[in-house]
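See below for the structure under consideration.
As written, the chains take the letters A, B, C and D, and residue 1 is the first residue of each chain.
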Amino acid sequence: MRDLFAVIMLFGIFSFIAALLFLDMDAVDVAFTEAAVGAGVTTVLMLSALRLTQRYENVSHRHAGMALVVVTLTGAALIYGTLDFPSLGDPNAPVHEHVAPEYLQQTPEKIGVPNVVTAVLASFRGYDTLGETVVIFSAGIVVMLLLGLGRAEDFEQQEDILILWVVVKPMVALILVFALYVQFHGDFGAGGGFQAGVIFASGFILYSLVYGENHTRKVLPARWLPRLAALGVLLYAGTGMFSFFKGQVFLDYNALADSPVSGQHLGILLVEAGVGLTVFSTVLLIFYAFSGRRAVVHE
Amino acid sequence: MIVAAILALLVTMALVLTRAFIGPTVYDRILAVNAFGTKSVLLITVGGHAMGWYSYVDIALMYALINFVGTLAVMRFFETHDPRHDEL
Amino acid sequence: MNEILGHFNYLIVVLLMMMGLYVVIASPNLIKKLIGLSLFQASVFILFITFGKVSGGGPPILSQQLTAYSNPLPHVLILTAIVVGVATTAVGLALIVRVYEAYGTTDEDEIDAMDNADDKPVV
Amino acid sequence: MLIGLLSDLCLLFGGLLCLTGGVGLLRLPSFFVRLHAASVTETLATVFLIAGVMLDTGWALDTAKLLLLIVIMFVANPSITHALCRTAAHGKYRPESNHEPQASHQQENQSSNNSTS
């Protein structure tokens, strides 16, 4: 397809299907994330990048034969490799023998949180998640350095947009409330900081799309966002450092409260809040950076 | 009956996907993507109920909200009048 | 027959990966390359989630009714990887926007041609 | 028993509406007609399908959430259709424009079908 716009639309559909697949394979949290990210934020980002570049692809003069050979060889090698894999859903597969049973056993007694994914994410593998949060934070900073924060165009008033105004206003409130629900319900059901941050940012993006970005920038100025993102990382690392100063290991939440289990609860809450804050402000920062930039017209 | 509803939804999704592929205008594609999103929400609701998926309603709710945001974003792309994007 | 059905997911994953890799190699358009990369990434996500599935098990959220759970570890890894993936895609898109502003095209071959023209000694 | 029957009827009718919408989206000749076919059936099908699931669920927290879902979809779908229609009308697309030469050909074939239905 020459038209990159159509490619992006079809990629959005692919994301819907991928989320359905995750849901069918019991990965509720992953389906949540894929649905929050794939259909909304990815499409918005790709379209904003398309607005700043060219929409139509040039006719390629390349010879695709070599690429086809390389891809076919790689694919054949990989398919040969998968022959030794355990079948889908095999309970005795090597993956299920090592750490996963320990996580499943220890979560009720040590963490006391029903959602094992949240327990592993925030407590057992807290270092990992801290690293990922820092990666997201630095990605936001890099986009800001590359594109600048930009400034909003004056939004021209259109009188026949009234229906959207009326519909979108409660919808934004609903999205924000839903994001908070996902954030704080993450200990008990599907959800958590990563999903909540993206959904919260989607609410702000929806508001700027319909009411104009200058209004959103009045509510939350762009210069605050890097600081908010940094604050999120700081909250995460600070929670770790707190137990460090209390004589425990870094990111060991047992020291946060009197009993280990309530300490874990508090620690997971704080850490997830840090993750949510960082993800929200980074996604919104990236959106501001792309939509605040003027398109350069080349001859 | 629930199986019939799921089958109808799957067939509809295939039809909508065909429309998304053949176009011919961009508006057809946007319409198809939006319809596909709605059908996914319905499939999650009906299929999730039939198969007893965990917390399927939450995911369906979020799908509905995010689909709304995504489709509106695509439309804003066409409202910013840029001469380079005027072709269909 | 069961053997084939059990490996069907891996086949799909490899096919998706091949498509992504092909787009990355063969398409000269930078945005399309990035979409190919995202496709490749999605195939890896599906592979990990396939590993985590246990037949007869439920999602890894503890409850009274379930006795077996799917493996939570791949879910954790992929959950974070999806969000990190969109952040890194944004960085790639930002780079492409800057490249377009400098060269006036997102076609790799044209950019190469311009670079090579610059390298030639001026007579 | 009655509720089960009602739920089945809702699901059946919703699925039928969905199919109608899908066929309309694929077969109808021009964009605005397709928009019409897709959106009208979609909005009603949503209500019927989710109502069918609701009746089958019984009284639970999920029922309230499903009701919320119905409200959201019932509001979001028509407004999306409105916005899409507006964008298409403001843009370059006109129903009578010959951007789709094969579509106008189809129109002649289908006009007889449309008048009878």
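For the reader, a short list of remarks on this structure follows.
Criterion: contacts are C-beta pairs under 8 Å (C-beta built on N, C-alpha and C of every residue); 3 or more make two chains touch, one makes a residue touch a chain.
What you are looking at is a predicted structure, and each value in this text was computed from that prediction instead of being measured.
Comparing chain pairs A-D and B-D, the larger number of C-beta contacts belongs to B-D.
Chain centres were defined as the mean of their Cα atoms; on that basis the chain farthest from chain A turns out to be D. Separating the CA-averaged centres of chain C and chain D is a span of 33 Å. Computed from the mean C-alpha positions, the centre of chain B lies at a distance of 11 Å from the centre of chain D. Centroids built from CA atoms put chain C at 15 Å from chain A.
With touch defined as above, residues shared between interfaces to two or more other chains in chain D number as follows: 72, 76, 83.
Contact of a single residue of chain B with at least two other chains is seen at positions 30, 32, 54, 58, 61, 65, 67-68, 72. Shown for chain A are the residues that touch two or more other chains, namely 26, 28, 50, 54, 164, 171, 174, 189-190.
Contact between chains, as defined at the top, is found for A-B, A-C, A-D, B-C, B-D. Contact residues of chain B toward chain A in the complex are 17, 20-21, 23, 26, 29-30, 32-33, 36-37, 40, 43-44, 48, 53-56, 58-59, 61-63, 65-70, 72-74, 76-77, 80, 82, 84-85. Chain C makes touch with chain A in their complex at residues 2-3, 5-11, 14-15, 17-18, 21-22, 25-29, 31-32, 35, 38-39, 42, 45-46, 49-63, 68-76, 78-91, 93-98, 100-101, 104-107, 109-110. Interface residues of chain D facing chain B in the complex, by the touch rule stated above, are 7-9, 11-12, 14-16, 18-19, 21-23, 25-26, 31, 34-35, 38, 42, 45-46, 49-50, 52-53, 56-57, 62, 65-66, 68-69, 72-73, 76-77, 80, 83-84, 87-88, 90-93, 99-100, 103.
Touching chain B in their complex are the following residues of chain A: 3, 5-6, 9-10, 12-13, 16, 19-20, 23-24, 26, 28, 31-32, 35-36, 39-40, 43-44, 47, 50-51, 54-55, 164, 168, 171, 174-175, 178, 182, 189-191, 199, 202, 205-206, 209-210, 295, 297.
Residues 4, 7-8, 11, 14-15, 18, 21-22, 25-30, 33-34, 37-38, 41-42, 45-46, 48-50, 52-54, 57-58, 60-62, 64, 66-68, 70-72, 74-75, 78-79, 82-83, 85-91, 93, 95-96, 99-100, 103-104, 107-108, 114-117, 120-121, 125, 128-129, 132, 135-136, 139-140, 142-143, 146-147, 188-190, 192, 194, 197-198, 279, 282-283, 286, 289-290, 293, 296, 298-299 of chain A touch chain C in their complex.
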